[in-house]
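Next up: the structures, one after another.
Okay, so subunit A shows up in both of these, paired with subunit B first and subunit C after.
On to the complex of A and B.
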C-alpha cells in the first residue's frame, strides 16, 4: 500500500501543495485562476502546519486500522479493496463530522459549505497525487507504506542504539567522577 | 452452529462480517426481530424527513455466503446457557458453541405517551417504525418530539425546515443534559430556536389528547400544544428481555469484561446492550463503539488471547442543521474548566481537565482540532502548551509548544527526521 510522506528537510511551507490540491480536487474549473473565484472556495486535503521555522505538509496516513472508517455513520468512508486507500465517497457523506473527531492525526477536515468531510485519498483515480507533482522542492513523495515502516523501524533502532551508547557514556562518566573523588 | 449472534444492528452485523473474516472455516447464524438487517439507524431522521432514500440506509446486502446464515423477522425469546440453546418465537431452537448478544437498546416510552388505539405516535429507533412515520408525516406536519437527548435533538433538527412545525420537550432545564454543560447547551438551544423549533425545557408530557384514533394535542408544562405527530425519544434501555430468566444479568445489567465476555465464557456481548466493567461501570452507547465492540467480540470468541477494548469514551459529533458540535464528555467532578468563547460568531469551546490531562469537553460552532483533542484525551497525554492555547480554533496549535520530531512523526509520514 502507498502513502504520501514528507521530507522534513525539504518542506519550505510554501503551500503550493495546498493550492494545487484544492484546485485539482476541490474546484469545478480545475485552473488556479478560476478556482480562487469559486464559491464556496475550494478546499485542500493536504494542509501545511507547523511553525514558520519548521513547516510540514500533513495528509492522511491511510491507517491499517482506520478509526475513521469504523466511526462513519453513513458508510461514506470505505477502503478501496485494491489499493487499501481510505476514500470518502462524497455522495454518501452527510457532513456529520464524526470521522473528523475519530482521526487521531487530525487530518480529516469538515467542509461545511459543501456538507462533506475532506481527506487525502492520494488522488487514487489519477496517475499520481497532485501535491507530489506540484511540490517545487520535491518534499512530498509517494512511498510504499511497508518500506516506510521499515525505514522508521531502522531509525528507531538507531536512536535506541544511540541512547544506549549515551547511557553507557553517562554511566562511564559517573564512574569516572566517583573514582576521581 | 459455531457461533450465533442475536441482533443484526451495527454491532451484530460487524461482528458477523469480522467473524467470517477471522474464522473462515467456522459457521455463523445471525437472528434479528426486524425484517431487514444491516442499516444505518443513525440516518433514520433523514429518512423520515424524506431527504434520504431507503436504499441509502442499507450498508449490507445479503451475500451468497454458505457459512453465514441470516434469520430475520424472528425474535429470540430466551437463552438456556446450560444447554447452549436459544428459543425463537417461531418455536424453533438454535444451538450454539459461542453466542454474541448484540440486541441493542429499546426506546423508553413513558406511559402517558402510549394511549390505547392512537395513531401518530412513533418511538424513534427502528426502520419498521420510521417507515410508518415517513408515510404519516406529510399529512400531519404539527410535530412534537419528546426528549432533548441526542436522538430527540437530531430528530427535531432534521424535521425543522421541511414544512413541519416542531416543538421539543425536555424534562431537564437544558438540552443534551447527558452530553453537555449548561453553558454549552445554550448555544444548541439558541440554534434550534433560530430554526423555529419551540423548546419546552424543564417540562414533561402531562397528558395527551386523542381524537378519532389519532394524536391531537400534547400537554407539557401546563400548556396544550397542537400535535399530529408525536416522536418519542425519551432515552433507551438495553434490550435484555431474552435474558430475563438467565443468571447473566446483574441488577438488570448485562455486564461484560473489557474483552466483552459475560459471566458465561461462551457468551459475549457488544453494543448498546452492554455495561462494561473496568474500574467502574461504562455504558458507551454510540455507533462507533458498537462497530468496534462488534469486531472485537468476533475476534475474541475463539481466541486464546482475547484483546480488550482500549477506548471506553462516549464521544460524539453531529451537524445539527448547520451547527457543528463535538461532545468529548460531560463536566467531571473536581475537574477544572477552560473556555474559549466567541458569542458573536456562535462559537463556544470548553475543556474539562484534571492533573494536566483532558477529561471531557465540548466544541460548538467550530470543531477544528476535535480529532487531536479526542486523541489526547484517549491516550491520557499531558497537555504541555496550556489549555487556553489548545482551545483556540486554529490548526497550528499543536506545533506551537515545542515542535519536536516525535510530534511530527506521529502525525505525518516523515522521511528525513534528522536536523529537526
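On to the complex of A and C.
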C-alpha cells in the first residue's frame, strides 16, 4: 500500500496541488483554463492549510481503521481490497456528510453542489497522484507503506544532520522547547 | 525520444534533437517539461500584478479560498490589471530601448494608421494618444483603485500606442523589399559560422562583415539564429527559427555566438556548457578578435554534417514597407487575405501550425502573408517558391500584419482582410500588437492562451469593446489545432458574406 507523504520543509503553500487536483479529478475538461469555466466549479481533494510559516498540504491519510468507512450510512465509502485505499462510490453517496464529522483529520469535504462528499483516493486509477506530479518543490511524495519506516528514518537523519551543522540553532531550539513547556 | 514529433515537424531538427539527447544536452523542451505545470494562478491572471507589498495575493479560481486580495481587490480587476501590465510592457518593448531614453517619446502615427486610430478613439469618446499614456498605465498599476473597465480601456490604449511605436521604429525604411536567405543549409556551406542572437548593433555587424572577408583562413559566415537582423540592403541569412536556435547551437555547427540585447539566457548557458565563445555585441574594436576566435574554434571541433537532408530554402523577398503597394496584395478586391505569423513555442510542435494553416488557408482560395518564425517555417517548406500556385508573401518581422493592414486601409480595401492569426506569442509586445489590431477593427485570433481566463467579466468586456469597433478577438483556453483556427477563418467568411 502507498501513501502520500508531505515534506513540511518543502511545502511553500503555493496551492498548485489544489489547482491541479480540482482540474484533473473534479472537472470534465481536465485542463485548468477550461475547468475554471465549469459549473459547478470543480473542487480539490487536497487542501493547503496552516499559516504562511507552516503551510501543509492535507489529504486523506487512508487510515488503517478508517472511521469514515464505519460511519458511512450507505456503504458508499469502501476500502479497495487491492490498494487498501478508501474510495468513495459517488453513486451511493447521499450527501449526509456523516463521514466529514467522523474524519479525525478533517480531510473529507462536503460538496453541496453535487450533493456528495469529496475525498482523496490517491488517484487510484492513474499512474500517480496528480498532486504529487504537480508539486513544484516535490513536497508531496508517494511512499510505499512498507518502506515508510525507512522514509521516516531518512527524515530523522536529515534533521539530525541539519542540527549538527547548526549547533547554535540546536541549542536554541532546545531552549525554545523548554521555555514553551 | 518517442515524443520527438511533438517537438518539431522538421526532420533535420528531429535528427538534431536525437544528437543533443545522445550528448545529454538540455534544450528548451526539457526545461518546458520540468516546468510543468506552470503557475496556475498566473496562467489565469489571478495573481495580483499591482505594485503593493502586502501580497502576493492570489484568488482561488474554484471559489473555496480567497475571493479578494488583502486590499479588497476583486478577481475581475486583478485579471484586467494583469492584462494592463502586459500591454504596458508591450508598449515599452515597442518604444525601443527604454534604458537609453531620457524621456518618454511621443508617438508619431503615419497618416493611414493615424486616421484609423483617431477614428477608433473618437468613436469611443477617448482622448488622443500620447507617450504619457505609458506613465498613466504604470501609475494605474501602482494602486488597485481603478475599475475593471478603466483598466481594460488603458490596456487597449497602450496596445494602440504599441502599433504606433512599431510603425515609428520602421519609418526610416525606404520603400521596397529586402532579400533574406533561410535554412539550415546556410551553415553547411561554410567551414566557419558566427551565430547572432538578439538585436546586435548594426555598426558591430557591419564591422564583423568586413572582418570576416579579410585575413587568411577559411571564409566566415555570419548567420542569424532565428532573429530578423536587418542589414543595409538585405537581412542577415537566417539559419533556423528562434525555437530552433539552441538546437542548432547544440549541433556544434556554430563556432561563436554574438549575443545582442534580447538574447535568451539559455543560449548563452549552452555556449558555456559547450565551450563555444560568446561575444557581447557592444565593442566594435573587438570585432577582429571575434572573427579570429571563431576561426580558432572551428579548427578545434570536428564538423559533422547533420544538414545533408535540409532543403534549400533559398532567397526570399521580404516586404519592408507598405509604400511598395504593388508588391503587396494587388488590386483584385475579390481575393481575400489571411495573415499568419508569430513566434515558435514549445507548447506545440514547431512548424506544425504555420505550415498546416498556410496550406489549409491557401486551399480555400485566400492569399496568405506571414511574418516572424511562422514566415520562416513557410519559407523552409517551400511555400514562398514560384512553383506554388499562390506564393506566400513574407512581411517584415516587427510590423508584420500592421504593414498589410495599412496597405489595405490605404486602398480602402480593409474588407479583403479575412483574418489575422498569431500562431504563438513570445513577448508582451506581440500580445499588445494583437490587441491593438483587434481594437482597430480587425478580426484577430491568438493561438496561445492569454491570461484572462480567471474572469468571465474581463473576457466579455474585452470582446464587447473590440466588437463595438467592428473587430473580433478570438483566443483559446487550450493550445488549438490547425483545424480549429481554419474553422475560425471559415466562420469569419460566412459572417462576412452575411
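Quick notes
Please note the rule applied: the second predicted complex is superposed on the first by the 147 of 181 C-alpha atoms of A that agree within 3 Å, B and C clash if a C-alpha of one lies under 4 Å from a C-alpha of the other, contacts with A are read in each partner's own complex, and residues count from 1 in each chain.
The rule is simple: a residue touches a chain if its C-beta (ideal position, glycine included) is under 8 Å from a C-beta of that chain, and two chains touch if they have at least 3 such contacts.
Computed from a prediction, not measured in an experiment: that's the story for all the values here.
Steric overlap between subunit B and subunit C is absent once the structures are superposed on subunit A; the two fit side by side.
In the superposed model, A:108 lies in contact with subunit B only, and not with subunit C.
By the document's definition of touching, of the two partners only subunit B reaches A:5; subunit C does not. Residue contacts after overlaying the shared chain place A:98 against subunit B, while subunit C stays out of touching range. In the superposed model, B is the one of subunit B and subunit C that contacts more residues of subunit A. By the document's definition of touching, neither partner reaches A:128: not subunit B, not subunit C. Once the two complexes are overlaid on the shared chain, A:56 sits against subunit B while remaining clear of subunit C. Of the two partner chains, subunit C is the only one that A:43 touches; subunit B does not reach it. Here subunit B and subunit C sit at a least CA-CA distance of 9 Å once the structures share a frame through chain A.
Comparing the two complexes, residues 47 of subunit A contact subunit B in one case and subunit C in the other.
Those residues of subunit A whose C-beta lies close enough to touch subunit C in the complex are 14-16, 18-20, 22-23, 26, 31-37, 41-44, 47, 134. Residues 3-10, 47, 49-51, 53-54, 56-59, 61, 67, 70-71, 73-75, 92, 94-98, 100-108, 110, 112, 115, 141, 143, 145, 148, 151-152, 155 of subunit A are the ones touching subunit B in the complex.
Residues 37, 39-41, 43-44, 58, 60-65, 449, 453-454, 456, 477-478 of subunit C touch subunit A in their complex. The residues of subunit B lying in touch with subunit A in their complex are 40, 42-43, 46, 56, 59, 287-288, 291-292, 295, 315-319, 322, 324, 326, 367, 369-372, 374-375, 378, 395-396, 398-400, 403, 408-420.
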